[in-house]
Amino acid sequence: MIEPLFSRGRILLWLGGLAIAIVLPLVFSKGFAVSLLCQMGIMVVFALSYNMLLGQTGLLSFGHAVYYGLGAFVTMHALNMVGKGGFPITLLPLAGGAAGMAAGILLGYVTTKKAGTTFAMISLGIGEMVAACSLMFPGFFGGEGGVSGNRVTGKGLFGISYGSQTEMYYLIAGWAFVCVAAMFALTQTPLGRMANAVRDNPERAEFVGYDPQWVRYLMMVLSGFFAGIAGGLTALNYEIVTAETLNAHTSGVVLLMAFVGGIGFFYGPIIGAILITIMQIAIGGITKAWLFYFGLFFLFMVLYAPGGIASLLTVQRRLWVARLWWPLLPGYLLVLPAALVSLAGIVALVEMGYGLLEQEGTGEHAVHLVGLSIDAASGAAWAGAAALLAAGLLLVRWTWGRLEVKWNAALSALQNPGGAA
Amino acid sequence: MSGVALRLQGVQKSFGKSAIIRGVDLEVPVGERHAIIGPNGAGKSTLFNLISARFPVSTGRIELKGHDVTGLKPFEINRRGLSRSFQITNLFHNLSVFENLRCAVLWSLGYRYSFWHRLAGLRDVRRQAEQVMEELGLAKRRDTPAGILSYAEQRALEIGITIAGGADVILLDEPTAGMSNTETEDAVALIRRVTEGKTLMMVEHDMGVVFGLADRISVLVYGQIIATGTPAEIRANAEVQEAYLGTAHAGDDGDE
Amino acid sequence: MEFFLISLLNGVTYGLLLFMLSSGLTLIFSMMGVLNFAHASFYMLGAYFAYQISTYLGFGAALLVAPLVVGALGAVVERYGLRKAHRFGHVAELLFTFGLAFLVEEIVHLVWGKSSVDYKIPEYFDGTLFTLFSTSFPIYKGFMMLVSVGMLVALYLLLTRTRIGLIIQAALSKPDMVQALGHDVPKIFMLVFGGGTALAGLAGVIGGNAFITEPGMAAAVGSIVFVVVVVGGMGSLAGAFVASLLIGCIQTFSVGITFSVTDLAALFGVRLEDSSAVARLTVTQLAPVLPYLLMVAILIFRPRGLMGARES
């Protein structure tokens, strides 16, 4: 059996992805939509670079923004140095990549001495250290205001000046495509495979000739490179870089994206990056409590779907292929509304509570929810919301209890296709 | 190639105040199948851990094929041609059988930390991994994650990872532990096949396996080797009779 | 001399506060293998609860009630959250506590707002305990020391003199064995987690008004506490103690030293003309990164930490 160089399905998948990336801004051509697409492209690269550590090497980092942020700052300074003409803007993210890589070479040497929990703590410490440094060296980091620049530096390559957001989008999409392909290719190399081996069992990796510390270090350096490119793209996209790009919050967001998307699959973080970016904009525009919902959502995923969305999707696909999906549909159709009822209860409670606190002293008590106006001061409203939540949870329990039996049966049928067990 | 594959000189190991290995001298010639036996708690597994550098020695010197390897890291010793298996199965549990074996051959074929080779294009790697997989009888489990294999299959894979890299000094730590009689027979046949022409050192509790497989046997009691010789010599040795066989019946099925 | 003594006192006060946090974190870590990322969030909750309680019932009540509430909350979190995450391994546990820290910060934002709250030192603690040369040492700092040392002694006695303490110590190194002996290890875990978070809550009650009570306090202190645990050695209580005091002192001393490489060079008669930004930085400006630099140095030269036994 010879593994094909490129299977036809895989080629179709990549071409399809490329085609979608090209067509998207034509469909969603509003300025707002194009900015959103730009942000998504950047985050896809950033989240995938993060997953090189967490998913592939088993390194839980709380300080990945360092490489992203340094990449962004260096790119911005490079942009300002390039000035008019000279170096093509198209290739400028490489400066960010080099910076991220250099940071990986320097800082990774310290952090990757350890794995597991200790690595997590050290990555946090290093992240805090760099964030603190950013306030100490205003010359480089620009202090509170950050560093800004102008990406339109005269005539660009082939007359592309990146003046319009759409042109910028294609720059980001091009880089994102190249980076995603490169990161995927990396998973198919000896180093990529040994990273998985070190993740699973560092001790055994040592007894087949590999130094786990060196494997982790190399992965860290390469991951820093891609994070740096993502940072470089941010710098060009927003034309301003502030200290926030390298602080703990940014590190947390990228962790969230990778995990929610699914760290066990290469494409998981892509889903996570796209979804979370949309949620940030969509939910962030509706409610001020959106970060709270994020936290809840994240905890829910950790406790009930640790494989992330990619894992859920993959299971559905395998069930579908094995013709086991249809029998589960009625169960899904029961659980879904029950879950929505619980969600409505939670949202009502949070929004009313938040509304009360925010309007404290103004005499206003009205909370506006999807076209409804609720008096947050009335006991009835609170009781109603609580009842909604309780009923929802009970319904979920009942409907899930019924689905679970079928679900488990389907899963075991998947694992033993012969049906022997 | 002739000469000494493995030489231990005055090897000692203490954990805190308790001395586990109390001065071991041993020579294993190239090509010999050498078994270490001894009662529970004698330090057999510890001795293996010292030779393979899982633990550092307290004092003493270890030579591999004439070179001093004392104080080297496990991966450095592995690169010099010594490979070991574990008493408690130690696999890459999320990776498939094939990937486990592929990981085990990568270094020895010189691909090191390469991120410019495409795994799928490395025919030599695939051929060697598949060959070992055939020998293990795991070909039909090729894409099964190691973590969900049956116990006997995991033990076979454990041996497979150990020998896949082509090391010429092989250490097997209780390769048949916990196996049924048929499984043991299969395992012995497998070990015989895959260690052909290599130096083998093994810890084993099953006396049938030991006396059937080993060219020479060393008896380790309380951290010291009290006798080394051919199976016949060991059988006839009065000291061994007294020190080892006298206590072995107390529990020759457990570990240490 | 004056600067030295006062800084030492302040450093020890701060160090003891850090130890109140790091001891709980270390106990939880060495027993359950879980690094509680949200540990400092419980510290923050302690401060906010104390603020809320003291506005109604006064500081005395807050001192008693807030840590208990925080501890109870911690126990609930362990029982209904962490234990579920435990099935998926340490990474999931770490992620759970990370998510929790995130959530707590957002809750604090929503309930108490984004700026700091006016959690003040009670009036009866206003005033000076003693005056050293010309600098006064406030009563409240003395009170903080008293509470910290009292907690320390109580913790020591609990661990060494009581039955539950002995079981906890045993469970630290051999949880399986303790379970086999018929002790309810999950319940002990819940107790330790609750106890550890109550300690963090107590630290919040007495630290919140001495410093500042704001939504960023958890993140600020949390990363320092992690540094303490790494420097002291993962899972070592004695190491955490030494590292807490060390870092407490480093941070207080460095704030008071306005000295830079340029000054140092000047001392030796070398004038660094047009020296770089790095050489002009004073120790005071460096203060925020010093703990992290210490951590990096420890990792390079003594990877197990000051007193760590456990290589992870």
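Think of it as A, B and C in the order they're written, each chain with its own count starting at 1.
To be clear about the criterion, contacts are C-beta pairs under 8 Å (C-beta built on N, C-alpha and C of every residue); 3 or more make two chains touch, one makes a residue touch a chain.
Owing to the predicted nature of the structure, the values given are computational and were not obtained by experimental measurement.
K.L.:
Which neighbours does subunit B have in common with subunit C?
P.N.:
Of all the chains present, those in contact with both subunit B and subunit C are A.
K.L.:
Name the chain whose C-alpha centroid is farthest from the C-alpha centroid of subunit C.
P.N.:
Result for max centroid distance from subunit C is chain B.
K.L.:
Average the C-alpha coordinates of each chain, average all protein C-alpha coordinates together, and give the chain whose average is closest to the overall one.
P.N.:
Going by the distance between chain centres and the overall C-alpha centre, it is A.
K.L.:
Suppose each chain is reduced to the average of its Cα coordinates; what separation in Å results between subunit B and subunit C?
P.N.:
47
K.L.:
Roughly how far is subunit A from subunit B, centre to centre by C-alpha average, rounded to an integer in Å?
P.N.:
For subunit A versus subunit B, the centre distance works out to 44 Å.
K.L.:
Using mean CA coordinates as chain centres, what's the subunit A-subunit C distance in Å?
P.N.:
Roughly 31 Å, centre to centre.
K.L.:
Could you list, by residue number, the parts of subunit A that touch subunit C in their complex?
P.N.:
By the definition above, subunit A touches subunit C via 54, 58, 60, 62, 110, 113-118, 120-122, 124-126, 128-129, 132-133, 135-137, 139, 248, 252, 255, 259, 289, 291-292, 294-296, 298-299, 302-303, 306, 350, 353-354, 357.
K.L.:
Contact residues on subunit C for subunit A in the complex?
P.N.:
Result: residues 29, 33, 35, 81, 84-85, 88, 90-92, 94-96, 98-100, 102-103, 106-107, 109-111, 219, 223, 226-227, 229-230, 234, 277, 281, 285-286, 288-289, 292-293, 295-296, 299-300, 303, 312 of subunit C touch subunit A.
K.L.:
Under the touch definition given earlier, write down the residues of subunit B that touch subunit A in their complex.
P.N.:
Where subunit B meets subunit A, its residues are 52, 54, 73-75, 78-79, 83-84, 86, 90-95, 99, 102-104, 106-108, 111-122, 126, 161, 164-165.
K.L.:
Quick one: in the complex, what on subunit A touches subunit B?
P.N.:
3-5, 185-186, 188-194, 196-197, 199-201, 203-211, 214-215, 218, 222
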